[in-house]
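Given below, in the form of structure tokens, are the structures.
First chain A sits with chain B, and in the next complex the same chain sits with chain C.
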Partner chain A sequence: MSEVKIENLCKAYGPVEVLKNIDLTVEDGSFVVLVGPSGCGKSTLLRSIAGLEPITAGNISIGGRQVNDLPPAQRQIAMVFQSYALYPHKNVYDNMAFGLKFARTPKAEIDQRVSEAARILQLEHLLKRRPRELSGGQRQRVAIGRAIVRKPQVFLFDEPLSNLDAALRINTRVEIAKLHKLLKATIVYVTHDQVEAMTLADKIVVMNNGRVEQTGKPLDLYYNPANMFVAGFIGSPAMNFVAAKMTQKNQLDCGAGMKINLPLPPACKVGDKVTLGCRPEHIQFAAEGKIQLKGNVDILERLGEIGYAHVSLPNGQSIVAQITGDPKVGNGAPVSLALSPTHIHIFGEDGSVCSAAAR
Partner chain B sequence: MNLRQQASAFAVHAVLLAYTALALAPIILVIMNSFKERKAIFGAPLQLPSPSTFSLIGYDKVFGDSAIASYYINSITVTGGTIFFTLLFGSMAAWALAEYKFRFNTFLAIFLAIGIMVPIRLGSVALIQLIAQLNLINTLTALILVYVAQNIPLAVFILSEFMGQIPKDLREAARCDGLSEYNIFFHIILPLLRPALATVAVFTMIPVWNDLWFPLLLAPARGKQTITLGIQQFLGQYITDWNSVLSALATAIIPVLILYVIFSRQLIRGLTSGAVK
Partner chain C sequence: MATGSDAGLMGMSRASYLRLLGFFLAPAVIIYSVFSIYPLLATIFSSLYLRQIDGTYVFNGLGNFVTLLTDTTWSVSFWNAMKNNFVFFLIHMGVQNPIGIALAALLSLPQLKFRAAYRTLIFMPTMLSVVIIGFTWQLILSPLWGISKMLLQAVGMGAFFAPLLGQESTALITVSLISVWQFVGIPMILIYTALLAIPDELADAATVDGLTQFQTFFFVKLPLVIPAIGLVSVLTFVNNFNAFDLIYAMKGALAGPNFSSDIMGTLFYRTFFGNQLQLGDASMGSTIATMMFLIILLGVMVYLFVIQRRIQRYSF
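Let's turn to the complex of A and B:
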């Protein structure tokens, strides 16, 4: 039982509030990913769970035990740092065994745990090397190994892959997913990377400005974002937003004579300013379809099987549509876009969603 | 390399060589003359010892004098003790100032900075009184205490600069690993600080070894004299035994040289490489 429960957590550096009333539950054995723009407080939240940062208010409990005032060592957590933070003057074995030695673990058990971790992470042939004699990926594995040998209740990862090159990042990502299955560990993982978040997480927590914007399964966030921030943050390329005004029942006016007819949720009233959101992958070049927009192609980005067309609308806004194959249109050519009616999101003036399109 | 680069490289080396010559000349002169007869020292001080002028009389006298050994032991004790305590307390203080936020943090840092600026010899009279009250006159402890006080401010200053370079993540990783603050200091910080410690040790060692002032004031009694003070006995008011003085000076270089070699081997850079990307 190693559930992490965070209630009403606040953290301020002097007058600067970095975390504001965070509530979060990390279920036993689940993989929770924290995402958000730079400076939103992800690392601070992780470090507060670890006990490296004193908290200003609120409650943190791990495995049903309140840990607010416990030092990191007694919280039964293990942290993997972005910079790896290996002890440079110790070899790989000692790096992993270091904490255990100070915990007066018997020598035989240290040996057994380290070799177990080394086996899982394929570090057996590197045990005698110093960190500076290792590649980036190997250092990363040692850092994870150091966490594993402590048999913590909760693993905390702070952007563990951001120092690796693209290919290695994909490998290590898969390794971490396997490791999670193997160890059945509870993991809190911070990342900038969309793909890491979507592929690894049981649950994603989107943070912005010290607040939790939305919590949910990866696909829930993708299909049913609670507000414009989450809608724009999850998914790549980002969701298109078009400012509009409700002129009559079930009709939106996007300016410059662009009118769209679609069923609108009852919460929207005539005269409301709203924002229409639709992901590039739900917009196609097509002359027919219920919801149509017309515009001119600015740029076509061809990535192979799929590509993206940047289209400017008559009202001056620009949107991105996904294209398949080679549509053979030149720059500046007029095109018709069809928006998939089931994937349209309507956001109110405050940015929160009025209607989540059905999946 | 083009001509201009060559010229500038040449100029730099010329300046450095001139400095080296300037610094080494007196030492070479001392060593050279310590192997000569008294007459030759005065007759032709700049000549190398030749078969006719070669003599070991100075060394004979110095090694024959039973007190000399005790001068050496005293000097080594004082220098060694000073280095040890300066490094220990200096690094601890630097760690505390760099790592922990507490009330008098800034005040202490400024206080230590003043210690760098004000020469300790200005306080000699007060120091003598203090040492006398502590009943430590004519002890090596008195010298060590004063030297440690003299050297700690600069040591703290240099060491805290180096400490700033040790990545924060390392200490936090150690904290997560369950090390106590003392263990973090002794098992993580100190080993990584080795190059800086060696630098400070060299800085500390040479003035202490060469000092005449405080041994004269605080421990002038027979048996407690350091080598620099002990040598003074050969310098009389009317006659000076130059053979012995030069030989003693020449041998006095050796221990510092050994210590220097030991420390300079620690001045390996890039010890933290591999800790972080």
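Let's turn to the complex of A and C:
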């Protein structure tokens, strides 16, 4: 069992609270991704789990054992750093063996563990090289190898792909996913890239301002975001938001004469200010459909298979619609947009969702 | 770059290209020639002549060097100064640089408070004049009214007091340690800067690998600042074999008692300029100066061609 349980974790630097009452369970063998904008506290949370940052309050346990006061080396964790943090003066073998030597592991076992890790990561021919003689991707694999040889209960990854170029990032992402399957390891992974989060995670934890905004499976977050922050953060391009007011039962007024008839959740009352959210991929150019908005095309971005139309609405707001094919519309042309009624999200004034749209 | 005979830089004629070259090179060439290259050559040249009784100079080949190294009138002083200078250097290498490294390590501890204050205080003596340092320490160590004697007596250790600057066995070591005290800030700052360049994540990785803070310093950070330590060592060597001022300020040109604190710099000073009954001898003085130059040249060459080539430099 290597479950990580975090209860009511708080972390403050003086009066500045960077982590506020975090509760999180990482199930044994699962891949959990902490995602959020920079400064949201995700790296601090990871470093707290590792023991590199002391915590102000709360509890962290790994594998059922409370580790609050244990130094990192005794927490049975291994960490992969953003800059890889390989020892520049040691060769690949010694980089992987370094921690084991200090743990007084017998020489034969060190040999066996390092060659096992080298085999998994295809580093066997590089064992005698120094880090500076390696490419970025190879250094990344050595950093992962250094984690594997520790046989930890939990792997911690701190933005491990952000130093790689785009093509290598996609490859390595797949490698990490395979590695997770192979090792059946428990992984906590920090990234600011929502694509990495969506593709790798069993469970995503969206963080903002030191709080957990929402926790769930990738597609749950995509289809049922709990609030506007999660809705805007997950998915690319971001979800469109249109400010509206409920003027009559089941009718929204978006201003400038745009009225939408929509069955609204019972929680909404006449007179409430709400925000209507709809992802670009759920908006089409179409003159028919239950929910219609009209506007003028500002810019058409054609990516080939699909494209994005930036449309300004009469009330001054701008929304993005995903288009397929090659619609013959010029800039400034008036268009009608049809919003898929089952993919509309209504957020209350505080930003939390009033109605989860049906799938 | 001018290629062929006609093409200059960006279509310039060859003559104006050369004028431009001259314009940029001239200041450095002139200053180095006048203040560095000419004096050096003149010194070496002068060391090849012998001073006659009547004050004239005749060419003597390498005769002065033979005299300096073998004729006991000169060689006893020369080898004594040479030996003392090596002791002076070894005390700096053995005391100043390890303490400098240790202070740098302490300064870079993340939980240290008042970092800037310590840094300034430790560096302060380096900025003071050597004359002030020498005078202050002479007062501190004075057997008549020195505070060191009173302090030792106050804690009941008066019996350990000795006139450290006045004994042949202790004078050189004492002066060396005072110099160490004055200049320990330089290795500290250079190595501290090198330690700051090591990314924090490397120390974090070592922590996760189970190393204590001390082990992290010793096995991870120290190997990475070896280039800075090499630089500090060669600077120490050059400074020590050019040293003169502290000994002169504290012990005078005679570097007493009985030449026990005499180093190359003071020997050169007495020989070249003369002192008390000893007449100044420019050619013999130049011979000593040339020897000093050769010793330093040899040391720096050993560093450049043997040591530095084996040092690995790391980029992070």
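Definition applied: the second predicted complex is superposed on the first by the 359 of 359 C-alpha atoms of A that agree within 3 Å, B and C clash if a C-alpha of one lies under 4 Å from a C-alpha of the other, contacts with A are read in each partner's own complex, and residues count from 1 in each chain.
Just so it is clear, contacts are C-beta pairs under 8 Å (C-beta built on N, C-alpha and C of every residue); 3 or more make two chains touch, one makes a residue touch a chain.
Predicted, not measured: the structure shown is a model, and the values here were computed from it.
**Q** In the superposition on chain A, see if there is space for chain B and chain C together, and answer fit or clash.
**A** Here the two partners, once superposed via chain A, clash with each other.
**Q** Contacts for A:A103 in the overlay, against chain B (first) and chain C (second): which applies, first, second, both or neither?
**A** In the superposition, A:A103 touches chain B and chain C alike.
**Q** Tell me the contact category for A:N163 with respect to chain B and chain C: first, second, both or neither.
**A** Touch status of A:N163: first partner only.
**Q** If you tally the residues of chain A touched by each partner, is the higher count for chain B or for chain C?
**A** With both complexes superposed on chain A, more residues of chain A are touched by B.
**Q** Touching A:L134 in the superposition: chain B (first), chain C (second), both, neither?
**A** Touch partner of A:L134: chain B, not chain C.
**Q** Between chain B (first) and chain C (second), which does A:A243 come into contact with in this model arrangement: first, second, both, or neither?
**A** Neither partner.
**Q** Considering only the touch criterion stated at the top, classify A:L52 as touching first (chain B), second (chain C), both, or neither.
**A** It touches chain B and chain C both.
**Q** Overlap of the chain B and chain C footprints on chain A, residue-wise?
**A** Shared contact residues on chain A (touching chain B in one complex, chain C in the other): 47, 50, 52, 71-74, 77-79, 81-83, 85-89, 98-99, 102-103, 132, 146.
**Q** Touching chain A in the complex: which residues of chain B?
**A** Checking each residue of chain B against chain A gives 167, 169-170, 172-180, 183, 187-188, 191-192, 271-277.
**Q** What does chain A use to touch chain B in their complex?
**A** 47, 50, 52, 71-74, 77-79, 81-89, 98-99, 102-103, 130-134, 136, 139, 146, 150, 163
**Q** Considering only the defined contacts, which chain A positions touch chain C in the complex?
**A** Answer in residue numbers: 47, 50, 52, 71-74, 77-79, 81-83, 85-89, 98-99, 102-103, 132, 146.
**Q** Using the touch definition up top, name the residues of chain C that touch chain A in the complex.
**A** 199, 201-202, 204-211, 215, 220, 223-224, 312, 314-316
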